[in-house]
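Both of the next two complexes hold chain A, though its partner changes from chain B to chain C.
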Partner chain A sequence: MIRLALHLPMLNSQSSQNQIEVGDGAAIPHKSDAGLFTAWRIAFFGAIVLCLFLAFGRPDQYMAIFMFIPDGILVTFKVTVGAILLAIVFGLIAGLGRLSNNRFINGTASLYVEVIRGIPLLVQLFYIYYALGRFVKIPDILSAIIAMAFCYGAYMAEIFRAGIQSISKGQMEAALSLGMSRRQAMSEVILPQAFKVVLPPIGNEFIALLKDSSLVSILAVSDLLRRGREYASETFNYFETYTVIALIYLILTLFFSKLISLMEERLNDGR
Partner chain B sequence: MTAASRPMIEVSGVSKYFGSFRALSDISFTVNDGEKVVIIGPSGSGKSTILRAINCLETIDRGRITVGGMDISDPKTNICKVREEVGMVFQSFNLFPHKTVLENLTLAQTVVRKRSKKDAEQIAMELLHKVNIAEKADAYPAKLSGGQQQRVAIARSLAMNPKAILFDEPTSALDPEMIGEVLDVMKTLAIEGMTMVVVTHEMGFAREVADRVIFMDHGKIVEEGTPEHFFTAPSHERAKLFLSQIL
Partner chain C sequence: MKFFRFLSIAALLVVSLTATALAAPKSIKVATDATWPPMEMVDVNKQIVGYDIDFLNAVAKELKIAVEFKNTAWDGIFAGLDSGQYDAIISSVTITDERKAKYDFTDAYTSIGQILVVPKTDKTAKTIADLKGKKVGSQIGTTGTMEVKKVVGVESKTYDEIGLAFEDMAAGRISGVVCDEPVAAHFALQKKEYKEKFKIVGKSFTKEGYGIVVKKGNKELVDLLNKGIKAIKTKKLDAKIHTKWVK
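Up next, the complex of A and B:
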């Protein structure tokens, strides 16, 4: 559940289209991968059918669970979206820092990436959550989001760094030779191209984050998993509850994988 | 040709090392206002490196380069200002693929020269007409042939009203049938009086357009002179050998 290492996006030197391959196996279905595509369909629709069957076929055991947990889905969603957006900000800053010629900036960014990637997410969550709680009074959900984002930002930094480095040197040189400053060249020429390259790996991170967000349930955040635990500890229906929780996570992950793959296809058709 | 006496680019005693490898050794030459200088030489002789050094894309270890009177190795000089005055055209075009042809020409005008979008677009369209590619203004670079892309790249650098343009093998990446269209644009610029430094293997172009030819080998200037002299009676063995191979 906790990822200790993410396979770094590799530069694909053969492809002229500037794509980076990611070895991390978040199963984003692609039309070209027929097997995975079929598996996606079976899993997605199977999970939905199973949910419907449980809710309406065994209403006395399951209906109540389905009624109890929707707040949790909303919280899980909030944590995931909040954390990914913030992680993109952290990642962009740290990624640019890792490419900086300034020793201090580069060193700080590298330290952040190395330290964070060396500590399990769960430990970091506890640590940042309680560290934050000591100094500032902010809502639990916000500390959870910051803690998740801080961790994911380190992985995101490597994605941005690889994405920026995948843009050919000639682009920066052409921009500079037109009199642009490095900063202008970065924001007008390099980053817009890099964003297209990093979108697929960021999609993968989003899916991974959606799953890892279940870790915040051990903090005082009522996400999907925690709502399930609350329900189960009242009713002692552990098996039924966790069946539903697992199915809902599966449906969410598969749904967003599909959405992301559709977005990517759009993007590739664009030009 | 009237040899205007005002020096546009002055390179004096420039050396450049990559690690312990000496890519340029004690290079000196001057390009006067309106002059067209062609640099030729075998692969690896340092032609690109000297052009890149003039445009501050490469630092130098010794010597001095001034462009329009600005000393580029002086840390107080604003490098961006120097680059604004000197355009550069690359072998691999380096158009911005996420921008249309028109946007490729307007970007630096608006960001660097602070022109209004409208003015920038008007200037861009005039230049696209000039290089015969106005009909592709809204296309993305990937949809253009190599020759078309290189003409756009030339127009893009012209849009900054540079005082000089450096060309690094502008036709080397092109299919033979497209070389002519790019050389024609460059000849037009030459006739209009643009100061040009051109690295090329197109000897016909060199003969026709160059005021001066510089022959480099192993990071040194081996021979420098008028095209007539260079092509008919080169004084150095290596220049003779190079010419016999390439012609």
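Up next, the complex of A and C:
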């Protein structure tokens, strides 16, 4: 997994060197970036046209695949949205914990981030699903969501921490001098500003999570990839099935990356 | 310069390795999904063992050919045959009409049936149909899955490995598992962790023959293997292997 290098002031304070930035999701198109914009257009509309062509031009091979997988798309969607929402909660708590002056809370939050970021997501999924299954009874989709959120929460925590640290110290000092408590200053002054900063990286995490959600197919969760594999394993049409699966993932990620770039533009307009 | 020297050595190595592989006389590469005990599994010494392995080794001995086993995930095992990564599959593959349309099979070398395993706490279920409205697990793309899907009202859940289905039933997420009879016996009657929890209900409800799978049109290999299977059966060696692995 290649993570987005956060472009926040506090992170690269000694950044006189050049820094490369590599995104995790599909290249998010910006208006200024004409080449990428064309690439996005070609990929997105090309994928849609190809899907339509396969479904209607070669119905005997492909129509059955398109009929088989829609409920899988819904499950992929459920897992992704559920996991990102829960990951934001985990991330916010852990991110605030990482900034806490209380050594115990700070230590716990840091430990969570370090441990989770050091274990591959695939291993964590197996672990949370099967190991915890011995002690607690959680339905399959929910345990998949919890496992994904637990992992992504650690990455989210770093985003929140960096986002909060990017807000100038003067803001906190000013709030405190107005007689606000630290908690009040955090929730009413710092966090609302920090949210604006962290939204783009969270959007990027969302795209990454959408793709990583394909890993839950190993947990017998009937997501998009699992439905495709079930179809392929009975019809032996591996090539046709995985072509369709890849196209659908591509359309989904490109659609959401566009949505995120629109959201970013909105945010920047508001400034 | 050094880099190019390294590249050329690497290329030479690859070429020579492929060349030796091609030159080796009368050796076949066979894929198996070693997660299906006692038919095929990986033992504590990391060796692939089991009924199918012993059987094919006996066939190979009879035919005086060498066999190399390749542990391959079940999901996609047929695709590897298409792309020529191995010559044959011996992995408890039931001979079905759908599979015969795409691949060639040897004669059946043993016959088994599908059977249902449920938790001991379930006092009523006798067949898959008794589990309507519940989830029943099986390994992806197996005849077990096809049997579960035939029953309307039962939700089919497919797993990459049958062991994961049993583990999920132990965790209470599914109400039954359908698989080949010897495999069910291995998990529900012999495995320490599961012996207390699971039971086999009823008798096996299908009659299936296992065959060795080869690429469509590879008549030469099918004939060769059939010759070996016939010899093993006449010598009654298969009965010996059966008592060794299946009780």
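By our rule, the second predicted complex is superposed on the first by the 245 of 271 C-alpha atoms of A that agree within 3 Å, B and C clash if a C-alpha of one lies under 4 Å from a C-alpha of the other, contacts with A are read in each partner's own complex, and residues count from 1 in each chain.
We take it that a residue touches a chain if its C-beta (ideal position, glycine included) is under 8 Å from a C-beta of that chain, and two chains touch if they have at least 3 such contacts.
Keep in mind the model is a prediction, meaning the values are calculated, not measured.
Applying the stated clash criterion after superposition on chain A shows that chain B and chain C can sit side by side.
Contact with chain C, but none with chain B, is seen for A:Ile218 once the two complexes are overlaid on the shared chain. Within the superposed three-chain model, A:Asp140 lies in touch with chain C and out of touch with chain B [touch as defined at top]. In the superposition on chain A, contact of A:Phe236 is made with chain C only, not with chain B. Between chain B and chain C, the shortest distance over C-alpha atoms in the superposed arrangement works out to 48 Å. Overlap of the chain B and chain C interfaces on chain A comprises no residues. Only residues 55-57, 80-81, 83-84, 86-88, 90, 92, 94-98, 107-108, 111-113, 140, 142, 153, 156-157, 160 of chain B touch chain A when the two sit together in their complex. Put simply, chain A touches chain B in their complex at residues 168, 170-171, 173-181, 184, 188-189, 192-193, 196, 271. Only residues 74-76, 78-79, 82, 98-99, 102, 137, 140-141, 145-146, 157-160, 164-165, 167-168, 170-173 of chain C touch chain A when the two sit together in their complex.
Note for the complex: chain A touches chain C at residues 130, 133-134, 137, 139-140, 218, 220, 222, 226, 229-230, 232-236, 238.
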